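Below you'll find a set of structures to go through.
One chain, chain A, appears in both complexes that follow, with chain B as partner in the first and chain C in the second.
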Partner chain A sequence: MNKIYNYFIFFSILIAFPYISNSQNFMNSGSITGNFQMDAQYYQKDSAIGAPEVPEQLLMNAFANILYTNGKFTTGLRYESYRNPMLGFDNRYKGSGIAYRFATYTADEFEITLGNFYEQFGSGLIFRTYEERNLGYDNAMDGVRVKYNPKQGIMLKAIIGTQRFFWEEGPGIVRGGDAEFALNDLFSSLAENKTKITLGVSAISKFQATEEILYDATKKFDLPENVGAFAGRLNISRGSLSLSTEYAYKSMDPNSLNNYIYRHGEALMLTAAYSKKGLGVIFSAKRIDNMAFKSKRTETGNMLFINYLPALTKQHSYSLSAMYPYASQPNGEMAIQGEIVYTIPKNTILGGKYGTELKINYSRATSIDKKALNDSIAIDEKATKGYTSNFFKFGDQLYFQDFNIEVVKKINTRIKGSLSYVNILYNKSVIEGHPGAPDVTANIVIADITYKLTSQKSIRFEGQHLISKGDLNDNEDPSKGEKKNWVMGMIEYSIAPHWFFSVMDQYNYGNDENDKKIHFYNVGLAYNKNSSRIQLSYGKQREGILCVGGVCRQVPAANGLSITITSSF
Partner chain B sequence: MKKTATLILCILIASIAFSQNQENKVKKLPSVIIKDIDGKSINTAELSNNGKPIIISFWALWCKPCQKELSTIAEVYEDWQKETGVKLIAVSIDDSRSSARVKPTANGNNWGYEVLLDVNHDFKRAMNVNQIPHTFVLNGKGEIVWQHTSFAEGSELELIELIRKLNKGEDISGH
Partner chain C sequence: MKRFLFIFSIISSLYLSSCNKINEPYTLPIPVKDWYGKKILLEDYTGHKCQNCPAAAASAANIKEQYGEKVIILAVHAGYYALPSPPNFPEDFTTSEGNAWDAYFGISPNGLPKGMVDRKGYPMTRHLDHGEWASKIGTALSEIPEVEISVKNTYNPSDSSITGKINFKFLKTIKKKLKYQVLITEDSIIAPQLNATTIIPNYLHRHMLRASVNGPWGNDLTDGSTFNMIDTEISKSYLYSLKATELVKYKIKDCKTIVFVYDDATKEILQAEEIHIN
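What follows is the complex of A and B.
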């Protein structure tokens, strides 16, 4: 309670500050904006799908952001309430309070932020603080950030602070800086040059007091208090071609994710793209080696990540193709991805009257090459240097592979639709951490057709079919059979711009076990008015992994009535 | 101590609420530095369209309705531009996992939009966007006069109707 009042005082001072520093115009010139979201669900026990009994019956997550801007001054806060956290959210969120507050002041070339902030250096390989409220992911900094833009083409940033850990803060202090130079803005001789070059360098250091962690009963790990990380990046583009790369290095950082090995970490990302009107081609490759970087060395969950290791795989949007999603393996991964987006021109045989969109995407992730240090030390053995690795060699373990193709076509003024095929190979034992579980292969076909009834009313059909092999009902016991085939159907009726109605069913008809051939049905209704939306749905939710914006979390099976209200002002 | 803090907060909320009643309340774009798809830094407060209206649409590669909205408008975008002078700015909130794929997708799909990359959601937060698609309409003076979330077939017709009204100088805040 005391803490909340401390926040009140803090925020009051922040708001009061411009009163003092500004003229009497203040009252007229400021503006307040914000948003609000509430998700609540009334749960019903359903032992057939594994939905547990919820003692509270109703669980709710809500937040509201309020931003106050007055000229060069902005302040804001976010109130969050989890009464109690909905299923799938960490129970340590239980409670209510002001989880985020900040003040930013811009003075000429400087921008100074006090309080909480989100920031990213380069592609995030050594530093990214980020929030994804729908997943309960938030590793916001609490501290100070200064940005300095001395002249066009140079941006310098410095940060220091600790990270959010539910309602507390992590024990590690994170500090660092980033410098970015846009050469074409910086040098007038290059201003007109068609080749655009941007360079960036960044450094991060984490301090966490040492602690005594024992292994083999009596031995103590040698834990560095300071861990440093450095990264450099380069972007070159010329007309329709572009090339970007980033390399990162992290000093020895024994922690619970890497089994306390005394080895440095490395990451490399490389992307080449070509695109012009009607055609886009991209190729990416990356290597990650021992890059788990957190501001608490014993933390194993999703929280307190200092950096972000993006997966090089497509994020699928349809429910069955999203059934087997991939997440980067921070301890070691080699990955490649290629994609072609092509529009077959109008008035050709394949293009038809309106043209046809074609997307082909392929990705593959494997382990990195790891060799034992010597005959007596196992690979990844704690309190050793872990292993040696050939930087350019792919490991022999396949983690994930995805080949997918999508065709989007407008048939006439009333009908348009898309057809997709997805082929996935999913290493369940590594990705989900179930040692011994076999690999899963899945073939998915999806049709999505919209039929326009009038200019405002339309009806949309979605049909999906999945054939899987190797997806055990019980990862410890193959005799309990496999999940095998799924079918999914949905009908959605919309009246623009306000109303949506939908009915859907996902049916695991191919399951080896008869009592697991379950219908996951759902009916929904949504109403939108300007920037507000209210959504109601009733039905069953399949247990699985939900991914939004590059972050995934496990969602449990649930059954019941849910409501979402969201609004911005 | 607690009473003082509560009192200060009440006074502040009251004074701010009061100041909201002033007539000259306009919402302009916040100032956030993000990048365009060629890697150039852009200050969002300086987005402009020569005194004509602007549509800002927040989207992502993983968001199907967003891409439907952008593809639907793309078909009529040239006509809209000729008729009203409107400009659409498509702000991708894809993070560094897929932000590199945005430019090839936008070009490959033949979208004629200005596309910006908000990889760490700084602009999204400053604009109070919760769910996407979230679309804003700015009048010729750069004031945010309308916003809407979600996309259904036919929503684009309402959008262009609003732009036409703006060009005629009508107030659309009641829509």
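What follows is the complex of A and C.
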């Protein structure tokens, strides 16, 4: 294995800085770190759950990151292999190779990166590149980044490059800059002030050569080759209170996602938080209007997003409460979210010996107000300004609503548990793009209990029940009934620090169709040693949607044996 | 430090000014392009339950209207969105050839509508959103063709058979393994189609792939081991019975054959031709 690692390091350094290979001392004094993950699944056809036949039978996604650091110099790469991509991942990933490589050097107040990098300006409304392996999402930049920190309190960044598109790069050049000023560090008169203020401004411009996209048989769209976006942000905190806000504006950017309208884009995010011992309150609001910003104007999939529009909804981790996740709507949405976390103090009636934690969360996302430009132009009509919109008005269409409450309680030194209730309203026609499908309402109750048998052995029980209404078996055919009720049970047994066993079953017992009352069972085991882990599981995976931060992918039904190996050094 | 700040602010202001303002009517006339005889095959992967597919079909219709017989359109119904769902979508417009291409090129799993222009871009960039079609076709049309195809069909109504004669002529000396494919299409089929949020019961399905005369990957034209000299010709013929595949129910006047030649190594289509069955 060491030979392989050495090969990677040597190769990466050869790519990045050929002259370094002559410097023996340089090589000897650095440190090498890295990690590896492989997910593979052996698939079996299962017509009952809709799991397709996989000609290769076995599919695998794997990657390894190798990082070499020596003082102010860092270089690294990520080797990826998809042989072939697992079900649910875009098959344009098919192949193996070095998908990410970079070298960074810090000198004086500068930090210079050549090659690939991930970066974010503010909350990402105009620029964020990141990787999320669970989604198969990677919009890494390939180019140059310069960070400049001329004095304490000022951080300037400039970037230029193209974005990853599977094994190629997108056609647009993305360039921009960000400046952040921490006023309390910058001005000595504010150094002792309890109110901390940070200001930031950023700008991004995308260049993509014009192309022939037909408006009709005789005309093509007159496309802007340069699309600009800028954003300003402010963070203020004082004691237990904090407030942060960011506003972003994008110039006209006709593209496939917005039906080639010539309207500007806008986004506003606002978050206010209060926290003290035993109590945390957070409130967020956002407005997104025509903010799909990509480095390829015809791309409709998840790739090549320049910006990031976070979902203001709770990301549920239990399987049944995560069944109806929200996907951000870049063409327009208004959303609010509030959360209170309160710990009922120890030695009170409700608090008991250890205190009781209470979490209440509410979120709601709707459309934005859209009005036709005039009587003869429909809303979102191509090659027009699209629509007019009242900035502060919520639209008529409810996209998503979630009210949930969770009580976390430690009973004694051996037992702790939590009880949750979740109520979700899910606009399937908008979120999943199934026009005509009714809204889904879901009520979910979850109990989670961990019992510590000894200092090393523990057992965890999870019980969930979901009652849904409106979730059709076939979105185009209501006569095929609804999925209705689900129940889920799981037992996990762990022997620290090495072993882990689990048995799980999800059962759609309330389905209107008898042949769809299916058990989605799964048994698994994992073994850990130091920083390595191997995990095996066998069972059925139901079809669904997986979302991380409002970005989603379809997870197809599957049946078979999975293996995951992770390791780091 | 001031100098750096000064430089940074200049760069920042350049970024800020880097956006183009377009004025109404936001459209331009399409320029006329040179053409040397290469016909382009646009494959539109579609399905009757695909809500954005009518928009893609409209793009294809615009392209057809603009370029006429220089562009051949083939609507391939494949993937989940093409599966029948009675009672709203009772018909099965999928074909085994369409399914085989869909699986090989991995198109419908990544969402429809998607298309391919002459199957260019091996192995990655075949999946084109319909907004990209016109641009790719505009570029491909000005290429100089390597092969010329002429097709002559004779339809025998007594036994519903088609006899076809195809002549391939090399316009350039090439050494490639080439294959040729013969397809049957039917135009103007009226059947339900989902469009955005509504079902159109009497939607006009255009240029639909109905069958292949010679399987999903066709027959060999050249073996690639020797040079095929410029101006040499190869003739092929085929006999296809519509009865065998129950295609007799199709409206013969709307049925056409599409013949194309492709490079087996890259799957790229080098030339295509389309003519009526009779």
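Quick note on the criterion: the second predicted complex is superposed on the first by the 538 of 569 C-alpha atoms of A that agree within 3 Å, B and C clash if a C-alpha of one lies under 4 Å from a C-alpha of the other, contacts with A are read in each partner's own complex, and residues count from 1 in each chain.
Definition applied: a contact is a pair of C-beta atoms (placed from the backbone, for glycine too) under 8 Å apart; a residue touches a chain by one contact, two chains touch by 3 or more.
Please read all numbers here as calculations on a predicted model, not as lab measurements.
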{"item": "Superposition on chain A - do chain B and chain C clash or fit", "value": "fit"}
{"item": "Larger contact residue set on chain A - chain B or chain C", "value": "B"}
{"item": "Chain B versus chain C as contact partner of A:251, first or second or both or neither", "value": "second"}
{"item": "Partner chain in contact with A:315 - chain B first, chain C second, else both or neither", "value": "first"}
{"item": "Chain B versus chain C as contact partner of A:222, first or second or both or neither", "value": "second"}
{"item": "After the two structures are overlaid on chain A, angle v-u-w for chain B, chain A, chain C in degrees (C-alpha centres, nearest 10)", "value": "140"}
{"item": "Touching partner for A:211 - first (chain B), second (chain C), both, neither", "value": "second"}
{"item": "Chain B versus chain C as contact partner of A:497, first or second or both or neither", "value": "first"}
{"item": "Partner chain(s) touched by A:150 [first = chain B, second = chain C, both, neither]", "value": "second"}
{"item": "Touching partner for A:479 - first (chain B), second (chain C), both, neither", "value": "second"}
{"item": "Touching partner for A:519 - first (chain B), second (chain C), both, neither", "value": "neither"}
{"item": "Smallest distance from any CA atom of chain C to any CA atom of chain B, in Å, after fitting", "value": "20"}
{"item": "Contact residues of chain A, present in both the chain B and the chain C interface", "value": "none"}
{"item": "Residues of chain A touching chain C in the complex", "value": "55, 90-92, 94, 148, 150-151, 156, 158, 166-168, 175-177, 179, 203-205, 207, 211-228, 230, 251-252, 254, 256, 260, 262, 297-301, 383-384, 429, 433, 435-436, 474, 476-477, 479"}
{"item": "Chain A-facing residues of chain C, complex", "value": "1, 4-5, 8, 11-12, 15-22, 24-30, 49, 51, 59, 61-63, 65-66, 85-89, 103, 106, 109-111, 123-125, 127-129, 131-132, 134-135, 138, 194, 196-199"}
{"item": "Chain A residues within the chain B interface of the complex", "value": "5, 8-9, 11-12, 15-16, 27-28, 30-35, 37, 65, 67-69, 74, 106, 118-120, 122-124, 128, 130-131, 133, 155, 182, 196, 198, 235, 237, 240, 242, 244, 271, 273-282, 284, 308, 310-312, 314-318, 339-343, 354-355, 357, 359, 408, 410, 448, 450, 452, 454-458, 494-497, 499-500, 526, 528, 530-533, 547-550, 566-569"}
{"item": "Of all residues in chain B, those that touch chain A in their complex", "value": "1-2, 5-6, 8-9, 12, 15-16, 18-20, 22, 24-27, 30-31, 33, 38-41, 60-64, 68, 71, 75, 93-98, 100-101, 103-110, 119-122, 125-131, 134, 146-150, 152-155, 157-158, 175"}
